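Provided herewith is a single structure, encoded as structure tokens, for subsequent inquiry.
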């Protein structure tokens, strides 16, 4: 498990966020998780995409500047945000009713591990040493189960060089079989019934490079390209 | 029906040892800080605290743990994100030391359990948590071709809520994302205590803009606008 | 069953409503059903009692005068009503959450039959000839189950002279064992674990008179009085 | 995200035979009359109508029955109170003649079934209806020392809702007691069509006063303020 993979130079977090943003369709409602997913918001200003903040807001605007900070107006990461025309507010309970009820077209989430079957593990790193049923579940399980499409935005391997795209998740699961697309610093991979389909690779990398840092066998798309922006 | 208490100390005075207390707020937003401070001062022990988090963005809840007032926490995002910061947090230390019992639920399940309690619903089937540690010990059942978990209502003895504006009858209006857990916790609490920033006479609120009907609120106390620094790690 | 009882002259509907109003305590939340219960509102103006309208309103005011009619502001009987200071509005769903959740201190309901065990039948008269599971249930079942105290306000016998206070309900039930107090044109009767306790009789009537129009055996209160206003 | 349709006819044009349609409104208040009229004109048949009542305070629903467009009604207060008036009503006649299938639920159960559908909850346990005809064919279960019935979510293909004010993105604000079934039906409907009295651009509503977030609403159509005569028998 601690076998170290070769480190490839891939996309910055910002470009990963841009790649995800390009995957989003106009006219959709989208929830962005904590971490890299939050950066997606920087790339969709002016587009016809409505962001939900899980604490109870639709049409969340950009982060607030110092002078705009309103302590009663934050996002799920506890960052001060702004309103847009058409923003509205509701309770946490209504927010998750919306999420479970299937009203989020897309959830963009981070992950610790994703399996070839689309299982997602993202809320608990056993390395922290807490009991296995305790950790920051937050909104992740509801979003993973409720969103029509789940896109994972994460680094391809861990800082310690371990696989994050695995045959079977060893970390506590967030949900089973929910992931549709994985966007990493190295590749864009689609979860299909036949397995993981490698669609795009970062500039300068080959399919073999990506396979070398991916545990399950990848299906190479006949239309394999460089990551598109 | 005047529900106003003179101050936060009077409002929390009767909370006994062993009580369960739901505390609203999403990190900083909509958190009834003055009531939490009053509970720390009041000193009730063996409490079950029901809230989103047990420290991040809310140092006053940390204080309850440091005071050893908390026997059990029921939450959905208890810890600091950062493992290193977490290692120094009273809650994480108490959990590791086995001194603090903890139940963690998915955020939607957490708030739906409270909503069910307020709404007279004994239990409900949610798809969230199927195939995860959350399903352990719970009934799993298929409706259509999808699996669901049975989750039970959760009724706290007390609920602490926060409102931007409220009247003396307990009708409350929330502000922006500070609404979050407040409506469902207010309905769930056997005794709900509201910290209100702007207290008005009946008629001072727009009835279409009352987010928490007064029937759910037993005690109202006027507080100053708390100062939050919306940031967590 | 069609045996005709003697008709006694008792309270008017208005005085029945007054008697119920006197039973209500200050500082309580009360829901008034359709029919005689609705008249209770005429007797509590200025008192510290908050009326709930099941369609989604707290602190319902008196009926609207012709000039005050607002079509978006009605009560459960579809009558135009007025606001009071501190009125607020919510959805039907929230209203019944409130009702089932135990937040109504008292529900005052009409009834077709009440049994000596406190069973209530109030939503379907088999005489109308509809299938036995079809009729105007409306909010009655939720109120009967959810309210902390259920007061029935009804005529003591039917127009046809049949018992309405019965050993066992023959009409479809609204709820089992929920009635606390029965106020009729002839008497005030409390439902106790030992049976029906006759507490008050209308002016000019005796306990025997009331018993003659009541199917189950009444327990006569040692403190039996005329109906108090 | 502009969801505005040019008129009610266009908004209901695609409703197919056999669809289920939830129609909001408590007798007169908050009833989307123009949409019901458009559905009568459009002529879809074998419909399942999900609404509080099937006639009283709402003659346009009677028209759907007269047109023989309705196969089944799911409701809580279907009939006129008065037996004599009921005897002449199309709905009651159709039920007696066995031409209209009908399911009747307690009002709280009715709205909670819709709420569950919108909220992704498959089923819930309610105390209402225990020991009555409502419990027939349903699972009964004890939680604590109280009995509850299992009730399933009810998801309509279409929902017709009404709002006093709304924006082009589908955010809706209701007025007084005209809110009633609108929020939960809007969330439940696979396709929700909103009849809006005052249509504004995004930014024209107070975000704290939006009772129906736009995410639930797929079509918006501007209508004139209907004239109701709030009276039933």
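Which chain is which? They are A, B, C and D, in the order written, and residues in each are numbered from 1.
Note that in this section a residue touches a chain if its C-beta (ideal position, glycine included) is under 8 Å from a C-beta of that chain, and two chains touch if they have at least 3 such contacts.
These numbers were taken from a predicted model, which means no experiment stands behind them.
Asker: Tally the contacting C-beta pairs at the B-C interface and at the C-D interface, and name the larger one.
Answerer: Top pair by contacting C-beta pairs is C-D.
Asker: Averaging each chain's C-alpha atoms to get its centre, pick out the one most distant from chain A.
Answerer: Between chain A and every other chain, the largest centroid distance is to C.
Asker: Starting from the mean Cα coordinates of chain B and chain D, work out the distance between those two points in Å.
Answerer: Using C-alpha averages as centres, the distance is 33 Å.
Asker: With chain centres defined as C-alpha means, what is the inter-centre distance between chain B and chain C in Å?
Answerer: 37
Asker: If you average the CA atoms of chain A and of chain B, how far apart do the two points sit, in angstrom?
Answerer: Centres of chain A and chain B (C-alpha means) sit 28 Å apart.
Asker: Identify all positions of chain D at which a residue touches two or more other chains, and write them in rising order.
Answerer: If we look for residues of chain D contacting two or more partner chains, we find 112, 115, 119-121, 126-127, 174-176, 179, 207-208, 211.
Asker: Touching at least two other chains at once: which residues of chain C meet that condition?
Answerer: 57, 89-90, 96-97, 99-100, 146
Asker: Where do chains touch, given as pairs?
Answerer: Once each pair is checked, the touching ones are A-B, A-D, B-C, B-D, C-D.
Asker: Quick check: in the complex, which residue numbers of chain C touch chain D?
Answerer: 34, 53-57, 69-80, 89-93, 96-97, 99-100, 125, 127-142, 145-146, 172-176
Asker: Using the touch rule from the top, collect the residues of chain A that touch chain D in their complex.
Answerer: Against chain D, the touching part of chain A is residues 27, 29, 48, 50, 52, 57-59, 83-90, 94, 96-103, 146.
Asker: Okay, in this complex, where on chain B does chain C touch?
Answerer: That would be residues 1, 115, 117-121, 167, 169, 171, 187, 201-203, 205, 207-208, 210, 213-216 of chain B.
Asker: Can you list the residues on chain D that touch chain B in the complex?
Answerer: Within the complex, chain D contacts chain B at residues 112, 116, 119-127, 143-144, 146, 148, 152, 173-176, 179, 206-209, 211.
Asker: Taking the complex as given, what residues does chain B use to touch chain A?
Answerer: By the definition above, chain B touches chain A via 26-30, 56-57, 76-79, 81, 83, 86, 92, 95-96, 102, 104-109, 111-112, 114-115, 126-134, 136, 164, 174-184, 211, 227-228, 230-232.
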